[in-house]
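By written order: A, B and C. Residues from 1 in each chain.
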């Protein structure tokens, strides 16, 4: 009756467009910050402290989102803060993904002793309270970009591993894996050619989620002053500073907070949006 | 006529995961309890039984997806009973399998052309694309389907894609595991006629697992009936239907609802 | 007066012109077992779902009436419709594996519907459940009620679903391919069970299947569907004596009969398919004309 089912072309979903746009904007801003930032993010001018954003009365021209209590331009600091946030997101997120997904895939598909070893590792690892663990790590490694990345990877790889292991196990029971064996494929080849494409949508969603988490973790760490040791602006640091003057200069807290929120939201929506658009299997 | 398969005292057990203790291995459940039979070249063998009879397990043993616990399986004279994967690999192109559920036996994220061509490149053949398209022709699917995904085909078409994958390697033997069980009569008829044609055209030996004896009658030259892991009947098709020896064969025959309101069916 | 009267029921995919059901009309008397046969995708399941109000989100009813015990369900507000259906109808689903909740015991799964929706007392519901399990020939109802689905075999699960369907004494049961997932010996037991229960409780059944053999054993009448169009609607005797429609004849020819030594399996011939498709197209034109003239 049917000549198969017609290929349905999927339109660009709003969530993919919006999240993609925000993140592209952010990446561009981060890359071009030295050229497009209106002011030097570190330059202090105590005479221009706590100037409101451009639309309010008493605003100082050129400082579009206002200044903080030391007279530093909020907009420029946000742009430069994006560099750190995105660096952490991309590096920590990717490393966590690669390590966690690989171990999860191996445990779920190869089973046997490999699975027992990796599963025990995950169980023991997850027994540590994450926040305490990260603070401990930073204390041992000393503050800095590398430390933050290591801390995130070391703690969060288990998230990937657990989920991907479960998916790989489910996929491993499917007949197309048996079919690959009958055709003569090796275990490793089957894992990469047959299983991986089917767990990839989950990996993508988890990866973007992890990027969002990395941004938050960095913000938390810089909020408690455990992040990078230099004076470079960080969103978390700005939020910490803005907290103290929130009644006199709300913009110092609100703008980095909103940027942080939009960035994390965009990351999570990006993953889902990509899956909806590109995964050949319609759900 | 020489035998393609020789099965001697085949025993196979699987781990009973429902009774697995906390530490240690699960107890083994014996599924196949000493089977003896041969499959001559060119035969279409029906393997029949109710659920729990072990027919699927036997099928998987024949293509060495499972390793027997005891006995011997000889394929074209070669003892494949305990060969390792490495040892089996060069032989694998000679025995292939078609699965029951094409939804789970076709990788949903691979295109049909890729699915059919994969075994070909695994065995080092060139012009895999041409051979894959040739296989599609053989099963009566349009070549355009090579770029589609499995969910873009109907159930009967997916089943035919599974058949194309099995014949692409031009194997000596194919195991068909309940391949028409989920299909409506028209698709079923298409698939069975196709299979018959392919056996003739490609000189295949076929083992056809089913619980439905009406389908077996049509297709198979010889029938083996399994009951709780033991062969209870092994005879030519006509004989099995004319005078079934075993009680469970009788039971299977009687259970079939014929499209006839006057059938005595109690 | 028929208990169920479907008149000119049409449905299509939301936002697309593809028609799923084409002015389907059929009548089921109280206590009658009506078969709905056709290939996969013919729309037979959809009719059952339309009656039970469980059509998928993507399908929308574009016209017609579903008159159940005198009231057109489609004119009722959704909440009232659901209650009505819940009181009068039940479903025997195809897959015993997915139809039962794997994390709940069997007992609550049967009694919950009676207690929550039909307001029975818990004691009455449990007695009823126990009686029904015995009726479907489960030898230890108490043990089964305490079990989880995965502890039971496929055949037993299907029996439980049948018991569940008859629990509230429905007037109409939709059996959606109830034996397609079962092997042939279990199928026989289940079909006989359904036939016995039906005879004892006097329930009307809408029996969806693609297997003509099954239909000849359980049903009193049948409707043959193709692409959402009813091609033939007749009694079992008349159908198997000699179907009128060419497509029905082709379906019968395609059904393997083990008693036939030379049984050739002829799939439905292209000519018949073409003719039937033409009939469907003609029906579509007639429907569009009627739509325009209204």
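Here is the rule we use: a contact is a pair of C-beta atoms (placed from the backbone, for glycine too) under 8 Å apart; a residue touches a chain by one contact, two chains touch by 3 or more.
Since the model is a prediction, treat every value here as computed from it, not as a measurement.
K.L.:
Per the definition at the top, count C-beta pairs in contact and tell me whether A-B or B-C has more.
P.N.:
B-C
K.L.:
Look at all chain centres (mean of CA atoms) and spot the one farthest from the centre of subunit C.
P.N.:
A
K.L.:
Between subunit A and subunit B, what is the separation of their C-alpha centroids in Å?
P.N.:
Roughly 48 Å, centre to centre.
K.L.:
Counting in whole Å, what is the centre-to-centre distance of subunit B and subunit C, each centre being its mean C-alpha position?
P.N.:
Centre separation, subunit B to subunit C: 32 Å.
K.L.:
Of all residues in subunit B, which are in touch with two or more distinct other chains?
P.N.:
Within subunit B, residues 154 contact more than one other chain.
K.L.:
Going through subunit A residue by residue, note those that touch at least 2 other chains and give them in order.
P.N.:
In subunit A, residues 1-2 touch at least two other chains, as defined above.
K.L.:
Got the subunit C residues that touch at least 2 other chains?
P.N.:
39, 41 - these are the residues of subunit C that touch more than one other chain.
K.L.:
What part of subunit C is in contact with subunit B in the complex they form?
P.N.:
Contacts found on subunit C: 38-41, 154, 180, 183-188, 191, 210-217, 236-237, 240, 250-252, 254-261, 263-268.
K.L.:
Which of the residues in subunit A come into contact with subunit B in the complex?
P.N.:
Touching subunit B from subunit A are residues 1-2, 4-7, 174-176, 178-187, 193-194, 197-198, 200, 279-282.
K.L.:
Which part of subunit B faces subunit C closely enough to touch in the complex?
P.N.:
It is residues 50-51, 154-155, 182-190, 192-193, 211-218, 238, 241, 251-261, 263, 265 of subunit B that touch subunit C.
K.L.:
Considering the complex alone, what residue numbers of subunit B touch subunit A?
P.N.:
Interface residues on the subunit B side: 60, 63, 65, 85, 88-90, 92-93, 95-97, 99-101, 104-110, 118-119, 122-123, 145, 148-149, 151-154, 157, 165, 169.
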